[in-house]
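What follows is one structure encoded as structure tokens, with my remarks underneath.
Chain lettering (A, B, C, D, E and F) follows the sequence in which the chains are written, and residue indices restart at 1 in each chain.
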Amino acid sequence: MYWNSFSDFIAMGTHGPYVWGSFGVMALLMILEPWLIARGRKGLIARLKRQFRAERAERNPMDSRRSRN
Amino acid sequence: MSNRLINWFKYASPQSFYPLAGKLIPWFWALAAVFGIAGLYIGFLVAPIDAQQGEGYRIIFLHVPTSWMSMFIYLVMAFWAGLGLAFNTRLSGMMAQALAPTGALMAFLSLWTGALWGKPMWGTWWVWDARLTSELILLFLYIGFIALQAAIDDPRRADKAGAILALVGVVNIPIIYFSVKWWNTLHQGASVSLTKAPSMAQTMLWGMLLCALACWMYSIAVALMRARSIMLERERHTEWVRALLDPQPAGKE
Amino acid sequence: MLTLVRAVIGRDLRLAMRRQADIVSALFFFIIVVSLFPLGIGPEPDLLRKLAPGVLWVAALLATMLSLPRLFADDHRDGTLEQLALAPQPLGLVVLGKVLAHWLVSGLPLALLAPVLGLQFDLDSEALWVLTGALLIGTPALSGIGAIGAALTLGVRGGGVLLSLLVLPLYIPVLIFGAGAVDATVTGMGPQAHLSLLGALALGGLFFAPWATAAALRIALE
Amino acid sequence: MLTLVRAVIGRDLRLAMRRQADIVSALFFFIIVVSLFPLGIGPEPDLLRKLAPGVLWVAALLATMLSLPRLFADDHRDGTLEQLALAPQPLGLVVLGKVLAHWLVSGLPLALLAPVLGLQFDLDSEALWVLTGALLIGTPALSGIGAIGAALTLGVRGGGVLLSLLVLPLYIPVLIFGAGAVDATVTGMGPQAHLSLLGALALGGLFFAPWATAAALRIALE
Amino acid sequence: MLEASNLECVRGDRRLFAGVGFRLDGGEMLYLQGRNGTGKTSLLRMLCGLTPPAAGEIRWRGEPIGRLGDEFRAELCYLGHLNAIKEELTPLENLLASARLAEETLDEDAALDALERVGLAGRADLACRYLSQGQKRRVALARLVHEKRALWVLDEPYVALDTAAVDLIADLIGAHLERGGLAVLTTHQTVAVRAGAVRELRLG
Amino acid sequence: MLEASNLECVRGDRRLFAGVGFRLDGGEMLYLQGRNGTGKTSLLRMLCGLTPPAAGEIRWRGEPIGRLGDEFRAELCYLGHLNAIKEELTPLENLLASARLAEETLDEDAALDALERVGLAGRADLACRYLSQGQKRRVALARLVHEKRALWVLDEPYVALDTAAVDLIADLIGAHLERGGLAVLTTHQTVAVRAGAVRELRLG
């Protein structure tokens, strides 16, 4: 281990803000991106399920009546 | 050989790629975490101070991997795009579309970490040197690709138009990579800081490689996640999506 | 009256949202033009710092100008403009609404983005503030004056470039005071005088331009 | 084959002549942008001489780019493009004709006008020659690359600004070598290296761009 | 109500027509006929006040329309060759936006109902860019379903429509006339409109 | 000569038609019918090779049109909704330019004659921008007067035309069929064409 104390580690010599600025933004974006994708995917699946269910409900009572515009 | 071809085409269909990707994603996440933690451990806790650049040099463990990835992802994206244009496979367009935002993110991070490094090293956030500028252009190319695809609503048309743009933009990659050689610039060329202090080079190199691997795994995982969503969206009228999301009462999952 | 203006703004914003690419692309045009100059001129920071206000303002001018041709052209082509001219409300108000909507999707984002680009040119924080302020005050004038030009060149073939020919000279005062405000800050004199002249231009533009524009539109429809 | 290219050039030139405003306006846009800079930056001759190559090239880029959206849009809107796509000749040749015509009415006049404007920036005669030469060599590449962008954004709403987003990054090498050639002359190094790179870009652009453009057009028509 | 006297139209060097006059009262329709290029569109635009006539006068309720200005326009509904719809917006949004710009009240239900009437029920949420030629025209014509203004000026409304849609529009015009409205119409197709009085005017 | 089998057209989420097929020989005309938005225009564009079909095949003289490429296009004359004329050019220039781009020989006399046939004698030198809607359509249709290619694909050619012009165009199509040509046509107006065999195909 190279560091003497935790505050040394945070200070990074005099370059703390720069190092942690880049590290923070990188970590943030790398967490944000998959989170956004997962959220979008959940919404998409819910929407598609709703749509499929609606179509099935429309089709089932009278299968032959199904028509297309 | 024909066997391998058949396999290849089998996984080139969204229907079989979708579950495969689903199974692979957790593995890539795990690898990304392992490599990332190891790389950061070495980079931030083990590696000693750089004599010339002070502690600030630790940004290298973030900057170099993102820079590499930003270029590499573009190449992969262009490869998929070209494949789609040539063979008209459905999967390739989706992969290209899934990769673009991650590539843009990497390009942005490369710029961001580079800027934060430049302030203590060069005394300025930004200089207009060839490498920095061409990296900026790369970000623009990504954004242009994304904007073009977003502006065309028919996905098949969007894929083809995007593919042409991606292929035309490939010429930028060698420019970025060799810019340091071709023009005499402020940005350091490969391996400058590595040869200065050979004793330290080993740990630094390892840290950097591990971080790069982590970025790589991360990119694959994220791209696969996005590709799965795109597949569902685009193939929502096919039977397999319907069977997946709306299993008939009689059948099973 | 206000409901009309609001209805126009609402419709135009909705259209703009429907093609978000537009807003984003205008911004990127701004960014790219600003970034082109250092490429053409070379990387010396001292030189660049001197150029910054001028380059940023010229780029803002050009970005605004690029979006002008479509201010009325779409409405003209599909016949909406005829309908607006035949509506029982004063056409000037409709134009005011369109000008405000144009500013919201072009001028405002430019002003908000400018400080980031200013950083690339190594401007200090006070200059950045003044730059943003000047753009916020000045861009409504650009939209207003631009609307007159857009209306005058409507339906004229080759309008896009003719438009810039008409409008750019009228933009010059805005450019001079706008860039002057930032320059004055950098050199230590206060920017107040420049900013208030800029404000006068913007108010004038927003009050008079709609009526001139409405008249030009009626001529274009004849 | 040559007759086809010639027929396309002939038709496009005739159309351009019919709306001369276009050519003239592109030139005036060039002039105005170049003249705006001294206004935004201030009149020091030393500073201006340093800026000259960059400013002139950026202005040429922007002027070329402004005329791009209409390269195919008019033909698309009135159905001519469908007819061209259905003609029994390779679409790439038609595109080549259109690119050459575009260069004749945009790039060529710009190159011929540039020395006059360069004089305003106090460039010496050798630099002026190199400037003109670089523009003559470089502008065909601009037209060729621009055609790809124009075809890709065809029929896409908000295409005009999206176009600049796509095309400007690809223009940057031309800008760097073009401005570099003049710079190298001013600083005493020879411009040969830059000029030959520029020539390679132009040849590449004229050979490959038409086919990429033709593919993009077919996609746009689907 | 609508009176025109001695109208003359000059385009370039060509005098398209001169001495045209008519009078139209509530419940009546003017059917404007003539070969291509005889000036029907030009006449309609004059009646709306978009182009000033070279000579002659147009009066609405006894007043020249130029003097009435906004008052006249508040009673006028014009539908030209062009559809005046935005390709990016959906039919529903188009209808609502055009009502809002005319400061009319049209709620979403009424708009949906209008779209259903013109046979666009399934397309209310599809951007107009994707619609077929006839469907675009239908979106433009959907405005007429709830239109209560007195004077309708329609330039070739039936273009690109299929026969069912043509009948529908003819019905709408008929109902408008029965309510006491006025209509001026050009078309090259012969379509029967259920109307009290049809005046014909032939140009050229 | 022209054969289509099992064509399917998908637009967005909507399947417009499927399983459409027909066969057309020299001297025959296909009259495509259907309500607005049933996919007539889409089908015509497929026949020209502008849009690839979602399924099915189109053959010309026994070969798939995709494989024939330029050979097929050399025998095809397509006229769409849009007129494909330049508003700045005069009708004469428009005709000559479009012939030259198709690498056909059309001298000025022949072009003037064609314009006279479609009733634009006095307008040959007026920029198309000034023409009326019907006159613009006539300029576009003037191409047909001297057109010798085998397959004509016409999308609503009669739109905006007056009755005299409609008859004229019907005559031109009739003469083309008598020469052994093929024609595919959509229209919502009922117009009699003097033709050997008219096949009808109804979509939707």
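Worth pointing out:
Going forward, contacts are C-beta pairs under 8 Å (C-beta built on N, C-alpha and C of every residue); 3 or more make two chains touch, one makes a residue touch a chain.
Just so you know, these numbers come straight off a predicted model, no measurement behind them.
Homomeric contact chain C/chain D is classed as same-residue, with over half of its interface positions used by both copies.
Of all chains, the one whose Cα centroid sits at the greatest distance from that of chain C is F.
No other pair of chains shares as many C-beta contacts as C-D.
The mean-CA centres of chain A and chain E are about 52 angstrom from one another, to the nearest whole unit. Centre-to-centre, using mean CA coordinates, chain A is 36 Å away from chain C. A straight line joining the Cα centres of chain D and chain E is 45 Å long. Of all residues in chain F, those that touch two or more other chains are 12, 81, 87-88. Among the residues of chain C, those in touch with two or more other chains are 19, 21, 25, 28, 32, 39, 42, 157.
Listed for chain A are residues 69, each touching two or more other chains. Chain D meets chain F in the complex at residues 3-4, 7-8, 10-11, 14-15, 18-19, 74, 77-80, 82-90, 94, 221-222. Residue ranges on chain D touching chain C, taken from their complex, read 19, 21-22, 25-26, 28-29, 32-33, 36-37, 39-42, 47, 50-51, 53-55, 57-58, 61-62, 66-67, 69-70, 156-158, 160-162, 164-165, 168-169, 172, 175-176, 179, 183. In the complex of the two chains, the chain D residues touching chain B come out as 145, 148, 152-153, 156-159, 162, 165-166, 168-170, 172-173, 212, 215-216, 219-220, 222.
Those residues of chain C that touch chain B in the shared complex are 19-21, 24-25, 28, 32, 35, 38-39, 42-43, 45, 48, 119-120, 122.
Residues 44-49, 54-56, 58-59, 62-63, 66, 101-102, 105, 108-109, 112-113, 116-117, 119-120, 218, 221-222, 225-226, 228-229, 232-233, 236, 241-242, 245-246 of chain B touch chain A in their complex.
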